[in-house]
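Two complexes come next, and they have one chain in common, chain A, joined by chain B in the first and chain C in the second.
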Partner chain A sequence: MPRYARPSTPDEAIALLAEGGWTILAGGTDFYPAQGARPIRDDILDIGAIEALRGIREDKGDIVIGAATSWTEIVRARLPMAFDALKAAAREVGSVQIQNTGTIAGNLCNASPAADGVPALLVLDAEVELASTRGIRRLPLRDFVLGNRRTARAADELVTAIRVPTASAAGRSSFFKLGARRYLVISIAMAAVRVETDLQGRIARCAIAVGACSAVARRLERLEADLVGRPADAAALGVIGERHFDGLAPIDDVRASAVYRMEAAREIVGRALADAFGTTAGQGVAA
Partner chain B sequence: MTVHIRMDDRVEADRLEDMAQGVVGKPLDRPDGARKASGTAAYAMDSLPDGACFGVLARATIAAGRLEGVDAAAVEALPGVRAVIVDERMLRNPAQGMAGKAPVQDPHEIAYFGQPVALVVAESFEQARHGAIALVLRLEARAGAVVGPDDAGVEIETPEKKQQSSGDLDAAMREAVFGVDQTYTTPVHASAAMEPHASIAQWDEDRLTLRGSYQMLRFNRAELADALGIDEKNVRILAPFVGGGFGSKLGIAPEAVAAAIAAQRLGVPVAVPMSRQQVFEGVMRRSETTQRIRLAAGADGRLTGIGHEALVSNLPGEKFSEPVTQATPFLYRGENRVIGHRIARVNRTCAGSVRAPGEAVGVTMLEIAMDELAAAAGIDPVELRLRNIPDEDPTQQIPFSSHKLAEALRSGADRFGWDRRRTEPGQVRDGEWLVGMGMASAVRVNMLVEAKARVSLSSDGHALVETDMTDIGTGTYAILTQIAAEMLGLPMDRVETRLGDTDLPPGSGSGGSFGAASNGTAVFMACEEIRRMICERFGCEAHDLTLKDGRAIAGNRSVPLAEILGGEDLVAEGHAEPGDAEDKVRQATYGSYFAEVGVNAVTGETRVRRMLGVFAAGRILNAKTARSQCLGGMTFGIGMALTEEIFHDPRDGHIVNRDFAEYHLPVNADVPQIDVVLLEERDAWANPLQAKGIGELGICGAAAAVVNAIHNATGVRVRDLPATLDKVLEGLERQGG
Partner chain C sequence: MRSADTPFVRSAARTDLDLHLRVNGRSHRIRAEARETLLDVLRERLGLFGTKKGCDHGQCGACTVLVDGRRVLSCLTLAAQAEHGAVTTVEGMVEHPVGRLVQAAFVAEDGLQCGYCTPGQIVSATACILEGAATSDEAIREAMSGNLCRCGAYPNIVAAVRSAAAVVERR
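This part shows the complex of A and B:
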């Protein structure tokens, strides 16, 4: 018989993980559908009862989102405008029922190429905090998600939090998702951007990420660099060229063709930037 | 006392017009609405008997072959597991609608991936599911399974009875001034009813009671009895509430027979619920279609020829095949015709009736072809259709019973503002959105099916309507109550309707849009008989009697019903049957659809901005439930046009997108304001109510209005549905050079 454990503190959880062989269960919204027609043979470590892993707090200026914080909690939290993209993405994770139970760390650990939370966290320069009996380490998100369904988490590690550094919690952000229907849909392509402007209205810093167009959502660093110093207005979008999307590697599947994905990515990056520039009427996310 | 009507001729008298209660036709709420909204209406799995065990179906993981056996012992040793059942009476697939006998049986012969082959029964659902998942099936795959209609080696039947031709279409095409010769495709569709299939079987000695989610109980009873090899008198089926069917619950299905076998063997009630994935794979799909459509027209756009040749698919041995061309023989004029029908035999989930079998996909593609003809001939699409309405059924050369297509087209065009449509595609731009309008005709054959109903008027002036007819969300409770209330002059709250129990008189069942008219006629006939009995007691002629608000009125007398009945109850049974009327006239319902879409020039997304449907279906019995049916149908149409598509794995035929996450029904945000207009119509050939079916009319061409609007917006013609964003964008880019 498989084992089932439901600890109430992170320490208990990592002590169990040190024994090895556990599959971690959080909201379960990816875990259960993935079982398909197979019996559950894994030992299940259910972290749903660990209160310390829930909620959003500040720690030395960083904004720390507990690993088991639900998408709905994120949407309802008071957060700087830089988090608008994350909130918009939270509203697109499945249905409201899914958002009520699905967790932010679960979305990262599941490591789907179409994970809705990843692009918005990439533009926030988020770090993933991992704990084990060996200690605590932090990895930038880009070094945490390694590939389709692959992460840098060791078998004995528990993701305890997502940290956003103070410096990255600035500016305006925006998120666009494109799917075959208007809602309740897995992305064909998505884009998140965060833009900081100087007193002259020029782009001081910017972060751009595209999801569902490569095995892991990617930042578009060359485009980011090319935009810095330009006025944050529609004219800046003229810079965007094919070369900026070289790092993407979309695939053909039932949702759309690779060619379509590539074009869609270019388009929605432009839309998200325009929105973050404030050239379109973006009014934040209603809870 | 049973009173009978066989529809051999027109029924001249419009009796409902003479009635005084004033409830028929009104947009009244459903009497069952509060129970449904408050969660107290009991659907199949809500009525679990004490001590019930649960069964979960184990299913084949090969496209074709044999089940050599199962390793039952290992699963039977699991906690809570009571039995592993493999029984030769188990069904391969559900019965087709109105079959009245068992479909192919025996789980040892496997014909498609996902076919139920065993049932694991346990004390809890979770134990049963675990057992079904753990059960090792010894399967022997057969080489050469054919999983797609285009696969090499596929066997294609050309049934002689389903081919038709008149005149010389080839010559008509050669001589045509304007012509269309195109091939169109539609993908596999799922019914996707909200309530998953489930059955609970319970035996009392040799009597079986089955609670299930079914549409046509009198047929289902016969099918279940036949499958089990027992007398149907010993079978009772209960389905008081059904959470949608759309064809998927027409025939008895594998879970019902498996539940009955298990309950008998174990001597306890057994419930077999199906998961969403099992429903997608194991119930019924609408066949994919390939349709070659040829239209030949003169300079004035008048059709001289129509060709409509379809290729569909089904499992070996299934009699049903999607009747794609059902409305083509009579919708438009044209003396030279070819109707073709071919069936590919494939190892895929069984194909069966999905909402409006035939017209849903056949009229849709014909209406896209008509739009192509309109563009080629430079004739307005509405005008083109008006010019081609025939004076009589051009194939059978019989008159139409009534025909409101022209009115639906004109009135729809007027209401929608069709005159603002730009003839040339791609002329209207709203930011990055290209905006266009499209339209299509609606048509669906009208049917009457044998039905019986009992009406009892109690001595205190309350009425009870009883039939085994179902309400699958369509509004049967409402309209049968309304008909009885109208005929007996009672307020709605003094009439109760009981449905969904085979101990009650057998109705038609829900299917083919015939439920309201068929069972309504049976109720009407019973009420006429009760009125006759009241006349006898009251001492008046039938035409002098007025019944209103519980009183009988004749001449200057007005007396409470209770007084006339004098402590006596009046009971009558009505019986409606189809007759020669079907052969004397062509009966159908008609309508028109208009859609405005925005197509995003950079992403190819299509957003339907507004939509209108104008429908004529004889007398409308309840304006609210009728409108709801049309809204649902047109929403199906948006899905068919833009997103709905089942994918079969080309290796083994299994359904890849077998849930609501990946089978893309439109969500609320995809559906704009939809307006529905119901035209005044009476059809005396249909039945004494002069009402026709409206349940399916909303989907019989709706998708074409959307696809035609995409063309008007962009110039892109999508011929293989759905018109997903990548197809539309590719078309836009091709045009852009």
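This part shows the complex of A and C:
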């Protein structure tokens, strides 16, 4: 029979985690489905009452999102335009009911290949902050999510925050998700992009990530490099070629075939770039 | 699962919780297991059968309730997690200033067929209007996408939400 604890500070939570045997419960939207048809057996460490893990703040220019911040809180927060992709992803997570309780760290720790938060945070060069009685460490997101349902988190570690470095909070971003229907759907493929332009309207920096087409969402570094220096307009999309998607390894499953996923990835990367260019390259500032 | 009469009950002492729940303005003290969901507690222990169990997996919205005004899925919430909040179920809608109007609109617009999804639809629609999300039919469809209706009463559900939102607007 499971035990239940609801600490109010991160220190109490990591002290319990050091004892071993506890499973962290945040919003619970992945926790329950993971229990399957069986009754819940894990000892439950409910982090929902730890105020210090909620909300978004600035720390030395970095933007720090508390681990237990809900998707709804992210949608409503005032954030730089570089976070538009993250906000768009937040609006795609399940339904409003799911977004009201589901948290950003829960999405990362669950490590589903189809986690909508991952591509949007990859283009922001996000870092994951972990705490245990042994100390605090920070990992780039790409080193945190290791595989399908696998992360670098040790059993005694609590994710305390997601941190976006100042330098990466710049530019415009966009997110596209393709599912079998419009709402309440797990992604077949999704793409996030962030584009910074120079005064001449050329691409100065860009970050592109694709999810659901490999065990872990990936950045397309070759495409990023090939786009830098080009004018941020529709013509730049012409450079996108098959070679840029080499790193992806989509699977065949009930939602889509591998071939379809690859096609979809190319299409939505193009759309997301066009969307980000449209707003970065345009004269007027979008409302 | 280990049964209660095994010798290893030391930790079991901490698994039964004394919970104080506030539901529709009334206080309830219950003893519940840590793993009991809010949905099961509402239905099985408090006798509030309005909240429905459609899927028990977060996919249908039939179990939607308000916790501190936010719409959440009671099948994905432990009763213990709701202890510090105010829970409002469909039974509480008669006394809810917006919920009351939404209920009336569902009747007037015929927003149901078998009615199984309806308690969840009404609670969800109430929150949707208070969130300011009921701005157009398209926006209503998106904001209500977490509530499925197997009977396909969607056109009338959208009409009910639209008309209730219009009444709220005029006040």
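Please note the rule applied: the second predicted complex is superposed on the first by the 278 of 287 C-alpha atoms of A that agree within 3 Å, B and C clash if a C-alpha of one lies under 4 Å from a C-alpha of the other, contacts with A are read in each partner's own complex, and residues count from 1 in each chain.
By our rule, a contact is a pair of C-beta atoms (placed from the backbone, for glycine too) under 8 Å apart; a residue touches a chain by one contact, two chains touch by 3 or more.
Bear in mind that the values here come from a model prediction, so they are computed numbers and not experimental data.
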- Query: Of the two partner chains, chain B (first) and chain C (second), which one does A:Y183 touch, if any: first, second, both, or neither?
  - Reply: both
- Query: After lining up the shared chain so the two structures overlap, which partner does A:A256 touch, if you call chain B first and chain C second: first, second, both or neither?
  - Reply: first
- Note on the structure: Between chain B and chain C, more residues of chain A are touched by C
- Task: Would you check which partner chain A:T29 touches, where first means chain B only, second means chain C only, and both and neither mean what they say?
- Result: second
- Query: Taking the superposition as given, does A:R6 touch the first partner, chain B, the second, chain C, both, or neither?
  - Reply: second
- Task: Have a look at where A:A264 lands relative to chain B and chain C in the superposition and call it first, second, both or neither.
- Result: first
- Kindly list the residues of chain A that each of chain B and chain C touches, one partner per complex. 33, 39, 94, 182-184
- Query: Within the complex, which stretch of chain A touches chain B?
  - Reply: 33, 37-39, 94, 178, 180-186, 188, 254, 256-257, 259-260, 263-264, 267-268
- Query: Any idea which chain A residues touch chain C in the complex?
  - Reply: 1-4, 6, 25, 27-29, 32-33, 39-41, 44, 46, 48-49, 72, 94-98, 100-101, 182-184
- Task: Sort out for me which residues of chain C touch chain A in the complex.
- Result: 1-2, 4, 11-12, 14-15, 17, 33-35, 37, 57-59, 61, 64, 70-73, 75-78, 80-81, 84, 124, 127-128, 131, 133, 141-143, 145-148
- Message: Touching residues of chain B toward chain A in the complex: what are they?
- Response: 59, 130, 133-134, 277, 602-605, 607, 642-643, 647, 656-657, 660-662, 664, 666-670, 724-726, 729-730
